[in-house]
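Naming follows writing order (A, B, C and D), and every chain is counted from residue 1.
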Amino acid sequence: YGKNTIKFLRLHREGKKHFVKEVEVCAHLRLTSPQEYLEGNNSLVIPTDTIKNIVLVLAKKNGIPSLEEFAIDICNHFMTTFCQVAYVKTYVQEVPWQRLHEDGVPHIHSFICVPDGIRFCEAEQCRNGPLMVFAGIKDLKLMKTTQSGFEGFYKNEHTTLPERHDRILCGELFCKWSYGECKDFDFNCIWKKIRECILEAFAGPPDCGEYSPSYQKTVNCIQMLVLSRVSQVQVIEVVLNNTFYNVVDMKNLGLTNDKEVLVPVEAPYGSCACTLGRKKFFEA
Amino acid sequence: YGKNTIKFLRLHREGKKHFVKEVEVCAHLRLTSPQEYLEGNNSLVIPTDTIKNIVLVLAKKNGIPSLEEFAIDICNHFMTTFCQVAYVKTYVQEVPWQRLHEDGVPHIHSFICVPDGIRFCEAEQCRNGPLMVFAGIKDLKLMKTTQSGFEGFYKNEHTTLPERHDRILCGELFCKWSYGECKDFDFNCIWKKIRECILEAFAGPPDCGEYSPSYQKTVNCIQMLVLSRVSQVQVIEVVLNNTFYNVVDMKNLGLTNDKEVLVPVEAPYGSCACTLGRKKFFEA
Amino acid sequence: YGKNTIKFLRLHREGKKHFVKEVEVCAHLRLTSPQEYLEGNNSLVIPTDTIKNIVLVLAKKNGIPSLEEFAIDICNHFMTTFCQVAYVKTYVQEVPWQRLHEDGVPHIHSFICVPDGIRFCEAEQCRNGPLMVFAGIKDLKLMKTTQSGFEGFYKNEHTTLPERHDRILCGELFCKWSYGECKDFDFNCIWKKIRECILEAFAGPPDCGEYSPSYQKTVNCIQMLVLSRVSQVQVIEVVLNNTFYNVVDMKNLGLTNDKEVLVPVEAPYGSCACTLGRKKFFEA
Amino acid sequence: YGKNTIKFLRLHREGKKHFVKEVEVCAHLRLTSPQEYLEGNNSLVIPTDTIKNIVLVLAKKNGIPSLEEFAIDICNHFMTTFCQVAYVKTYVQEVPWQRLHEDGVPHIHSFICVPDGIRFCEAEQCRNGPLMVFAGIKDLKLMKTTQSGFEGFYKNEHTTLPERHDRILCGELFCKWSYGECKDFDFNCIWKKIRECILEAFAGPPDCGEYSPSYQKTVNCIQMLVLSRVSQVQVIEVVLNNTFYNVVDMKNLGLTNDKEVLVPVEAPYGSCACTLGRKKFFEA
């Protein structure tokens, strides 16, 4: 019944070169007995202050080689140290600091924040169960300005949406995938590869793109490409929060607007959340 | 696979007196076949634009006597109108407009926004299943400045938190409860009664309060009081996001601070999420 | 060249009854010499950490009888203690905790957060100049559902807005007024009186309201009423960020919508910022 | 007395290649007479709806070659079209869409949002006065993990901050500069050059950095470098909102923390706002 959010920075130096990771960690524990909740007996409760100390101590001792290894490290510590812990889940999210470059030369100790998709991971374990590892990317905003439509949908007396074969497809992506029980992957390398798959599946070939008949289908394409290219991924969930753009009608202003000026429609926006595994199909 | 958020205002007039409800509605549909997702076949898809039109038409035709009745109305419409809908969930949230008063006199058409806890509800139904109704309150911020402590917790080498028997208890509450399948309640009246139970259980008697040995126990007290006083509630979930306050150490400034000046500790904050039903116990 | 934001809680007890003020304080200092900025010489710089300590110590020693008295107290301290300070401005904002009531009975130590307009104040002083006091309210959201229109505006070939004589007037108000150099007012009492004036001028008489021909005119009415009723106010600035609501056109859905269902238009919203003094007229 | 915010997307095609600019535009007008405010006479008022139409029409007709040229275009239109406009200010801000690359190959119609510093500009003009152009960057987050200290500051009985010669310097930068009355610059090229100056002045040489004795001095270095390298800049204002990081004391946890684990101190944070011109010195 304990949970917390800890934000901190782990600095690592090799000679004069600095490496920095700033992370936000949430740890969620469930105890074997809810006695503090039912009876006000706190004797098994691990205070959030203690949880914070443990996270900081582990970061100090073992560093953060990858978010995933750090999340696994925290899970293992709680499971092996506290017999009153029935379940532990650790979420780790990165502040996207990138090394600064001047005229192409990397700076030894300066960084810039580039939030073009936030990396995160999760590790969770029940006592006597396997440790499961998840990773993901969120707040990734993408747009394609053509090769997207929405036609042939169901119509009745409440339908006012016209069919469109050349609209803007723009949205914010959340992707989360499972690595199953495996822990010895090169998590940093795989994460980059998956990010590239997502961009490629969304955009299509650089010279011509690929037609998207709906954002649901684009979500499916992203999942299919990741599963086909990255064997370590067991299941992948994708949520696409779509922003609609309307071509501004300029007829009464005496102009023909050939999809040159568009305004975003803030509400309602569409959202599509699907989960795809290797053998079976889930809907979330 | 469709979801959307629709914000609108429903104005109702009785003579010169105006009544206003501004709501945000999310409707989530699952279709019987994911063919648009797998094959790019949109023929069963109900566009978010159509969903929006339906919600607005229902608000126009039937009004919003209570959030719950409106959510039920929407669910019923989708289930009875579209045979391709396998599941529907409707979430309705209120903008907390209150009638303005001048010297105690209610104004006939002016309102002020008072966000001291936001009312929301949910209705959901699977095809051939019962329609379930939920309601709740969120963003309710409460504080008690004494009669709260945290002692006797588990300690090891990573523990630095001192025991405290007179701390501040401050947090943001989220409560959500189930009415089961019933639909004929006076939802507005019950909601107010439950809100009063929550405040009373958090604060204790007005003249002396009641000691809270942990925020987990306070969560349990809230749930127990609601279940004992409001027979229509089947299950109640409570999440308390706790803000810690530290008494500022003023010794090196030459002063004794007898719990007079405190600073909020923004992270880590504690969170307790529990669900309590009439017969069995769940943990969320 | 120093500025900071300090959030803290001041608890005051009278017998068993508790009184709480949670405030956010920003202090802005300008030094007589910019030598730390130009030459990297820090010898006159007062660190933000020291500023924070001073604010907390003053709160501990003198309490917060009103936001204004506390802001004046801080200004005075900096001016009299540090001869290198050329200018000081203090901003104080309140977290809107209200005493909780159970069946009308006030609770001795429990509070609820009711953000229906946030109270703030400012005090500023240049060395050898007068100490000026300002106060205000912000994030005050009001709506009137009739007695508002917008007609007779300028039209040309780019005009598409229809004239309206019965629209919704809804917006967020920011009001800030000056008390001049005076410091001995009952600031708490005057603030409440001004808040009532604002509500009354916005809404008009409870039984019939008052027609607003534009939100600009409503802003003027608010200013005029405050200046006429509250003699301590020298100058008053009002900003009204207007939210537009459009009546949904339901003709193509086969319905007549008699201003019953409206949707907010998030952008563009209108904004009107005006400052009115006792003798002269300023525009901000 | 009119102001508005308009968000839209301008799409431009050259053959199959697409170019996209998504911008937010605020236009602020002051009229020659405040009669709508004082008398409720709207006959000179230009509705925000008309302003929106004009902005969209100008974007359609002339495109957005640079934010600055677009802002100038809008100013000119209002000044030459409406004789009741006494003053106009236009603010234009960019959504940071960047062309997507796959294996180094640019995509013809896909984009990713990369918010590593937001570009904006302003143009303003009084009737019979010159048109002034400003540009800037905001929300630029930078960090250097060494070569920063804060020593030799003023101390008294309220000082608790220790001197530090090797701290983290981390903050969010806002820079705004004036181009004076000139309008024929290559605004896109100059903006990139200034951004590079800011990064270079903050970080110092890539191989060793440069010691910052205070963030005030770093602000001055940024201004000096921009003014010395970019002759088109007349005046430059820089605001640095500093985030402090504390090295976690791990002594009571039995560990020595050699600046490896640090936690951000959310409040108070420091802020330094300075304006530097070619000949004279202003403080903001």
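The criterion applied here is as follows: a contact is a pair of C-beta atoms (placed from the backbone, for glycine too) under 8 Å apart; a residue touches a chain by one contact, two chains touch by 3 or more.
Just so we're on the same page, UniProt names per chain: A, B, C, D = Uricase.
Remember, it's a predicted structure, so these values are computed and weren't measured experimentally.
Participant: What is the set of chains touching both subunit C and subunit D?
Facilitator: Looking at subunit D and subunit C together, the chains touching each of them are A, B.
Participant: Give the fewest steps needed to get from subunit A to subunit C, where each step moves from one chain to a chain it touches.
Facilitator: 1
Participant: If you take the mean of the Cα atoms for each chain, which one ends up farthest from subunit D?
Facilitator: The chain lying farthest from subunit D is B.
Participant: If I superpose the C-alpha trace of subunit B onto subunit D, what rotation angle comes out, expressed in steps of 5 degrees from 0 to 180?
Facilitator: 180
Participant: Quick one: report the Å distance separating subunit B from subunit D, using the average Cα coordinate of each chain.
Facilitator: 39
Participant: Which integer distance in Å separates the CA centroid of subunit A from that of subunit B?
Facilitator: 26
Participant: Can you list every residue of subunit A that touches 2 or more other chains, as numbers and ranges?
Facilitator: In subunit A, residues 7, 53, 57, 158, 160, 253, 267 touch at least two other chains, as defined above.
Participant: Considering the complex alone, what residue numbers of subunit C touch subunit D?
Facilitator: Those in contact with subunit D are residues 1-7, 30, 34, 36-54, 57, 81-82, 84, 150-156, 158-161, 213-214, 216-217, 219-220, 267-274, 281, 283.
Participant: Where on subunit A does subunit D make contact in their complex?
Facilitator: 7-12, 16, 18, 20, 53, 56-57, 59-61, 97, 100-102, 105-116, 140-147, 168, 196, 199-200, 202-209, 245, 248, 250, 253, 255, 257, 259-264
Participant: Using the touch rule from the top, collect the residues of subunit C that touch subunit A in their complex.
Facilitator: Interface residues on the subunit C side: 157-158, 160, 252-254, 266-267.
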